[in-house]
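The structure appears below as structure tokens.
Each chain carries a letter (A, B, C and D) given by its place in the written order, and its residues are counted from 1.
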């Protein structure tokens, strides 16, 4: 499968603003997807505010603007799949159905948190929904997901692994080692690169000779597609197809989802003053809003209107506020957990 | 009863694990080669199939990470690094991922990953094919570190490592592959209860070492006994978490400590042994300053004569022990 | 005279090097960012150009190796790793290549490479964004390891590191960026002659630490002095090669040692200090068992209350010092 | 520049046995190249015998069968270029003109060795001819050469760096990191992959999904060519062109030279019993002999005959024997060098 080395119009912030093109059939999941995206945005916005307010201290990397990727990919996943993320993984966690309260408790360092307060925003786990872990060492979960795919293949039940990572992670050698391993052993791992054009303050043009990373998959003989990462329909249909195939016949697949983050690298600010072209671009990129574009398409199709959207927003806001309130009340881990959680208990 | 060598004992450990534990598999470089890892895994791929005995590309970091991923999904993989030196490319997965995974995710996630690294040196291989560095890994909370010094331990501690729900670094040493003993049938130990062992008792001096250094200590103690110097010998076996109780009790009795280690001195495992004793044994009980015998402060040279002077020998241990015990030549000072 | 902070002093070091030494350049992640490395390199790329202040892809291993390659060709590069944790991906280049290069090639090849790694922790960043691990690198022959504890050293030891013909790991600590002192104009020291410094004299107890731990020791000693406990304080400054003479002399006088270190205990730098003392100070001169104060044996937690109990404070140092000196509360035992 | 992902006929041991096609012009270097290749083969053969005899103890990886690569590449190099090799680098050292005696002394651990006896076969250096170092950690000199190219670019004198490595090394992540760095910073580093199809006992088909590695260069936007590595003319002309261009306009280039080693992974034996297809293939591969094919072409062109070849062989054998005899007499490093060579001397 050949794929061009450049993003083309997907890198142009002035394009792809129109409402999504909806599928002809199987549209029933779309209102749910809209709600999930609103939930991610609202939850992350709340987290951002709480960082500003000084109530959250751990570093939080927000995925606002990138909601469609995780929501689109998660549509075809099942709880026995094995999903891994990185430092910017609230969206992966929530898209899979992770508990809001456990997320809020985790960023607050509470014992009821997803990782029992031991990990914070950058270390989320939710075994019930298949999320096996997210960690902030760039690229580090790529081989781990690859090994989870090896386990899935050995299990022989058609489960797959998903590795979410950013464009920056493609500069780590382990990304290539993992792709070669997956290609050689034919492991069912879905590599999902959220190419948001930035690694921290640096635009991809300052870090790589070309702006699309799918070319690496091609080199490793891994089939790849590139999609508009702000189009949940496009993401879901690419993921659908890939995953169905992987379940039947184990082997790796690569999705490059082109997107953009609205907030700064870390925390709620928008880093307008940082890096190339960010200030001018950001305004335009906001017009490629994954939530708005889906909503408008649904409205045009008669499946949503401003009242239904407002209702979703209101309900989600309440959910987030309630989860937060609960989490705030929750206890911190007991002092002995400092030492008691290092090793397993002897039998 | 038949004698089994350390190298063959390791293979017996693999055979036991692969036979009785369906979730065990092994992955790494050289597994389909007749020579890469000595005689410790010969023909395993034929016996158990290439799906469970996986030879890999030259990708230490991804291979180690992949094994971690499989461990998180219920398997008990054993990663093979034919040299410690190569494993240094995988430090991130071993130290920053595997060792911390359980903790970062709340304490309840099992991480049954075993990484086997081989100390392979001598033979004029030079600085990049000679490192030991077990001290580095013993430094890391969350990572259990095992170094067998006997054939039985080579087998049974391998089995214990793989059956443990924490990540374990198992370090064996090619210089030991030829030693032999009767080892009986395999035993499934709980690694959490394993620790240093007193392998010989004596009142004049405490000798402590791990892996090949434990062997040096035993050999030296045997020779010293003939000279009238009687030693406690402690084989450390498990370097992390490190339980020094046995060593402390011994030094309280003998008042003299010689720690032998095949790693460098500064911040090395021998330093840890001395530090524990310094903290826990009242100075009044010490009859001599403690001492360590380690590699010189240099990378490994290749040139034969330099290499011979680089590594600690039984003779070096004997000489140092005599000195601490106050023996000069054949007579007491 | 004006006070200069540790963070600004580092920047002065860079400015001096880039101004007066045309073969110096710096490469690493975050160099064109306003926040990545605190205030220690602000706008250097504007002042000296992006050809000499190079921001890089997320490729720690290749970046470190590339700097080594440039060093072998007559340049004096400074690699920046904004966190020690990230540098672990580059261990092969630092430890197996750079540290051994001169030796492996006969001893005459200069390797003027400086790697700067920042200890950046606290703030609930968690286990993967909190490691120190200077003990690991002090373990490696051929690699000089420097940890400045004062603003002047932050600048002048950086300069000395870069002008040295051996590979140097320079470790600074974000927790020190705010401390201030008068530092005068930059000085070009020969790193080979630099070592531990006595920063305070007192007869009851020897306090030793490096980097932030040296600062903890000074602060504690000041408070202890008010209580009538007088301490020698030794700032280690250069961890490898480690010259313990000053520490040994001090402990011979005080008979009491407390080593403070911001790394883990087992095989850590505090163990090395205790080991040196155990080897060289006759037990008869010791008035109490030596002690170390280090991180607990766990990865760094994120949760606020746990994190607060994880790191050593000035109060912890004072309490331990009192205990060793035999002081309970405000009265002698 | 597009390049196929497979080696095609170059991977077929039954092909490419014919005498080389000689260039029409500039042939004067060819007799020298022949001699250099004979020298490498003879020296390595001698080393192999001395290993068998127990006189050499350090591990020696022989490049017999691969002589044309180093000799072809070295033709256009100059002493101010910076060359790096790996574990199998006697050929790189000798092709550049390194001293035979210093090589023999090094494998014997003598103070007169290239690395003063501190490195052995796997650590060779020869600053006079541009060889900056060879080391056995697979892939490790690739970034180092990349940094040497950065230095060369800063120097601004048109010098380049050369990184020799094997097909196995392309599985190390650092290979990819280095290519991306070189491509992004436009560094004059010539990546030369000697694809001998094996990494130790494993054929490339067991380690990678495709058998040609030039595809990775393409992914990193680095121009690449593939050549018959047993054709010194083809190697030299590819290198010539690349190097000339790199001197004018700094930037990376990639050469994949397809070849085969006649001996085992390490030492003088031939590993016939090891790895897939090796036993049958080896016999056939020997017919693609880089020395013989050049000699036959020269003979056909009237530039050599059996007498001149024999003379070369006799002279070279004498040179090797003499160098060995000298090296055997040479002293070992003094005992104090164990500790005195770790750090530079303080000023």
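We take it that a residue touches a chain if its C-beta (ideal position, glycine included) is under 8 Å from a C-beta of that chain, and two chains touch if they have at least 3 such contacts.
Note that the structure is a prediction, hence the values are computed from the model and not measured.
Q: Between A-B and A-C, which chain pair is linked by the larger number of C-beta contacts?
A: More C-beta contacts join the chains of A-B.
Q: Would you mind checking which chain's C-alpha centre is most distant from the centre of chain C?
A: Of all the other chains, the one whose centre lies farthest from chain C is D.
Q: How far is the middle of chain B from the middle of chain C, if each middle is the mean of its Cα atoms, in Å?
A: Measuring from centre to centre gives 30 Å for this pair.
Q: Go ahead and note the Å separation of the Cα centroids belonging to chain A and chain B.
A: Measuring from centre to centre gives 42 Å for this pair.
Q: Can you check how far apart chain B and chain D are, centre to centre, with Cα atoms defining each centre and the answer in Å?
A: It comes to 37 Å between the two C-alpha centres.
Q: Using the touch definition from the top, which residues of chain A touch two or more other chains?
A: If we look for residues of chain A contacting two or more partner chains, we find 117-119, 123, 135, 137, 171-174, 177, 180, 184, 206-208, 337, 341-342.
Q: Going through chain C residue by residue, note those that touch at least 2 other chains and give them in order.
A: Residue numbers touching two or more other chains: 56-57, 59, 61-62, 85, 89, 92, 96, 103-104, 126-128, 141-142, 241, 297-299, 301.
Q: What part of chain D is in contact with chain A in the complex they form?
A: 5, 171-177, 180, 183-184, 206-210, 215-216, 218-221
Q: Name, in rising order, each residue of chain C that touches chain B in their complex.
A: On the chain C side, the touching residues are 61, 85, 88-89, 91-92, 95-96, 99-100, 103-104, 126-128, 131, 133, 135-136, 138-142, 240-242, 263-272, 274-275, 277-284, 286-292, 297-299, 301.
Q: Flag every residue of chain D that touches chain B in the complex, lowest number first.
A: 57-59, 109-111, 117-120, 122-123, 135-139, 168-169, 171-173, 199-202, 206-208, 273-275, 332-333, 335, 337-339, 341-342
Q: Enumerate the contact residues on chain D facing chain C in the complex.
A: My answer: residues 82, 84, 113-119, 123, 125, 132-133, 135, 137, 140, 142-152, 154-155, 161, 173-174, 177-178, 180-181, 184-185, 337, 340-344, 346-347.
Q: Going by the contact rule set out above, which residues of chain C touch chain A in the complex?
A: 29-30, 32-34, 36, 55-62, 85-86, 89, 123-129, 296-299, 301-307, 309-310
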